[in-house]
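Report on the following structure.
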């Protein structure tokens, strides 16, 4: 009997991820409060605007969730996003149709993702260093190519397609919702995606029971870079232009969303896409509430930073009762 | 007897010296073949070669007659060879079912895992092994013993005909061992599976195996079958001529007064009212299988883990140690059994490792590290314990198991302890070093230190302890005086009178 | 386990209340003086690099005019120069349906869809300081940046007597500062062909980086006689650079705007002159235009649904204030030093 | 092999860096004798590099702990703002400076506590404090520079002693003291061990959490010092100071041989890393290359130096050195 009871309690416990549920509670409370402050808060337009404003961070956060679960980190996304937006615009201005253009840009991003993992293994260095170096290099390249201006005047056929709305929603939002649903199902169900949890949880054991850890890590870094490219393309859809300054501290906001959502950076193999989406909604909500309530938005950084630390502290203290993480030596 | 597996002239070198030399033996189809040998005889290395983890430097492996070359675990599984490793390789963040079917979960045509079917299959496999566990349970919440069984279930679930078990019973209770043997026999009878079973516990070997091969210091000694399998023959072949005096190493000095007393130590879910007293010049042995709560109780005693309740009196005064730092300062030192995670700074050189625990002693008035004094101390221990190679700046990770244990001993002894707690001191250590450690422990006790020896190796307990505290499943089962105590009496205490009669 | 969950929930509730209290407290409820019923009208100024002194002055003017008209005003925008972030802010603000939006655009093209979307919702949008020509914004109020550059070029041309080498320090990516560089170069080419611009350094919005890049450029071209910085951060950096190589007397340093740091260097003589336009007036005028646009009269105006707002762009002149003029002229100093503060 | 590789790695790295710097300087002096190899150019380009140097030294210690500190930039800005406000409010110079150093160390200690006792990943903890203190700097100043500082205070950052700028002297002092103490002080031996493995250090009687707090406090102290020097150099406190300086500090430390896995790295290597980046940037501008390439340069250099290191250890392995 005791055996039965503990597993039941356990299943509830792991469903009810304490940290994510604490954030959901916060979201509900803030939404209710804000709806008093500003009645249009829960209007369809505002919700859409709120989600629209976090589409690039959202798409990138999906990729980052897998990277962090596998025990790595990918800062190059903040360089890849503007890079792909710029190259995509240049291709279209050079006459390439927007669909093949998209394919070329996604392929380039996949190559960057592969380079990330290749250098990580060759130079035997923490992914933080390599992806930071790639970010710096790409940002420099973006600045030089655009001469610090912005690229616009895209061909007509693209201008039309970028205005198309599906079910009343703009394409970037639709793409994000589709990708989020897809990644959530794949990470929960697909066998290859599940391998990321093994590699994150116990890489040595994963190797021993026949999981090709290297191939999984290549996949993780490539999908992160490709999603960053999708975010870049969606930015071009949104603004019909590209500028080197896009996504200048996008990686910070995306990582905050992933971590607030319950994905752990000290214990490998812990995290869900659902948690990341909750983290994303939370940050978008805080950002949006500040905008609408007119408080001095400088407080927003202070509050977001404090909540990031608070949410992870709650997670650490409650879920793991302070058990030291297996990999607490790694940063 | 047609040989399903033939090993011809297998040789393996690690860092320049031979770990296995010219090993040739045959494993019959459908038999339980035990491979025994003292620690460090090369058993695990040989099994890792068959299991495709290591590649041999010399020699050939033949399966069903034709030569096979294995590079990794996947190829071994394809050849029908599965290995259950000594160190646990489970992902404790995932469920039991996912661990069993790691990487090969049943999927539908979209590549999506069929959760229900996976749990059913996992349930079936667990059922076969007589375990009532919910496949959706998180492995992290299971006991070490249960995780070991999940590990075995995982390997058996591959369609293999050769199953290698590398010291599987080290953390199982008697009931679980009986279950395992029953499962092994059933696998051989019903599925014609060949099982290679590695152990250094002779009673288990005699109970289960059809044939026994013996390794000593990396060489193949011989194979016994049928009636030839007797304890004395096996010991003789394992230890060879060098008279391994298993006899009790008696203390040479009179019993000192009690220096440390622990009463009623409790920690929820780990151990209940553990009590013992440590006397100077004496060795108290704590015997019990892994998972009996011995290490946990000591870690709580020295402040590395939480202690719910209990009294600890040291040198007459009651104390509550808050951290290993305080324990070391008071002269209570713990030598961990987990060298890799808690014992040594593997990437760092020997001198750093040895002085790590006594940095205070080597700090000058100007807060700098007195390198000369530290160097001498480290040099002293390298000579005293004959650490090979006797170089100061080689990383600890590159040393063999035995030498790493010597480095750990130097680190611990450098703090000149009053109470020395050693946990599985000779685990994964070759025979030569094992002897030196045993004699050293006795000399340390004679020099006035109170020694607490934790070990799951009964011969070692009997050889060294003046008194034996038996623990099982978190409780103290009895305190026995070691006046020519026999293994049977200790095992009786472990399981309590009635169980042994079955 | 139970006790700990209770403490978590309590902690979480406290944090949430803290935020919502902040939210309610912050609701702008400034009552306009005098004006009758317009106190609930809201006009939002959306900018990039929120917090740069120049834009603080623009908002000060905007706020003063709003108080005059008895309406509410608000400042929103990203702290960095990320155009996509600013576009998101504008989209969100549009959701609030303010009575008018003034936008200073981080770059010329990104804000087009956001601005048109706001206009589509019936909200008048005008741009200031950095324009977004591709959008249907009603009008643009800004400094004639090319003449801004020309004024500086004229001063340097005189000081250098028509010949010598010059360095420009600018913020790469800022449309306004790019126009100032262009104006500076054109004016020099036309009137003082003898003066050559040898290097254009990037200040990248950080005083120390501006100093290190300018220092390196000065070292690379020892013959340089003058430095012109098109932005506030660059001015302080350029002054520090010249001071580092110890040639404060020989090199003419011309800064931009009247950031507190620039003013201090002027007092110390490390900046010889600064080109100033009038961001306060720009903000004030923008508010008036926006108010006019938001209140159409019964006479149909030029841009129909909205009120009578100028159709042609409005350019504010700029002038050069030399260090001597600034130090002697008391009210000028008084005007620029009591920086408006607001939250 | 690990340690030999590491030993070779760190001393080898110092060798590579010094050779590269000497070669660059020689080439530049040859190509641009009158503008590059002048006392004023070397002196002035050194002055501008001091802030990075001080931050990079702090970052090296944090990397030795196996951690990272993303909050150094905001600490510089926050300290400069608070010190400037104190001075503007009439506080005497020395107490204001002490307050600034205290604030920097305080924030560092907070980071250490969050990582040590709080159990947060260093990346997450310092990411949180980064946005908190950058936000607070803007809240305090709403963007304005805090000026009107006493003459004596700006003398520190702008003055010179024996013809050398005070900044260089202070930075050199910080680097020299750390370079001297790091290999010798028992504290840094504990940092070195905690960086390798916190659990082994804990079991060896080293209070890992305390060492983490001390390491981050040192990094915070040095960031506070940079904030004060920057405030005095430009005679103002500004919320926008030192944006992105943490990335440059990490890049310089890693180029100098620091390894993210903790335990490795030398102050001397970091100093050379900072100098190399400065020399390359300076030469780039000397050649009139457009400055837009600068951000890309440090990224490429980072990968390049790591690459040389791998090649050297491979060559050494082939020659049976290790």
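To keep things simple, chains are lettered A, B, C and D as they appear, and every chain counts its residues starting from 1.
Definition applied: a contact is a pair of C-beta atoms (placed from the backbone, for glycine too) under 8 Å apart; a residue touches a chain by one contact, two chains touch by 3 or more.
Since we're looking at a predicted model, the values are computed, not measured.
Taking the definition of touch as given, a chain qualifies here only if it contacts chain A and chain C alike; those chains are D.
The chain with its Cα centre farthest from the Cα centre of chain B is C. Averaged Cα coordinates give chain A a centre that lies 43 Å from the centre of chain B.
Distance between chain C and chain D, defined via averaged C-alpha coordinates, is recorded as 32 Å. Separation between the centroids of chain B and chain C, computed from CA atoms only, is 70 Å.
In chain D, the positions touching at least two other chains are 138, 142, 196-197, 199, 290, 292, 294. Taken residue by residue, chain A touches two or more other chains at 143, 148, 296, 298-299, 301, 317, whereas all remaining positions touch fewer. Here the touching chains pair up as A-B, A-C, A-D, B-D, C-D. Those residues of chain C that touch chain A in the shared complex are 4-5, 8-9, 11-13, 15-17, 19-20, 22-28, 50-51, 74, 76-77, 79-84, 87-89, 91-97, 106-114, 134, 172-173, 175, 178, 343.
Interface residues of chain B facing chain A in the complex, by the touch rule stated above, are 53, 72-74, 77, 85, 88-94, 98, 102-105, 107, 110-113, 115, 132-134, 136-138, 141, 154. Against chain B, in their complex, chain D makes its touches with residues 1-4, 6-7, 184-187, 189-190, 192-193, 196-197, 199-207, 263. Listing the residues of chain D that touch chain A in their complex gives 66-68, 114, 118-125, 127-132, 134-136, 138-139, 142, 195-199, 247, 250-251, 254, 259-262, 290, 292-300, 302-303, 306-307, 309-310.
Of all residues in chain B, only 304, 323-325, 327-329, 334, 336, 341-349, 352, 356-357, 359, 362-363, 367-369, 393-395, 397-398, 411, 415 touch chain D in the complex they form.
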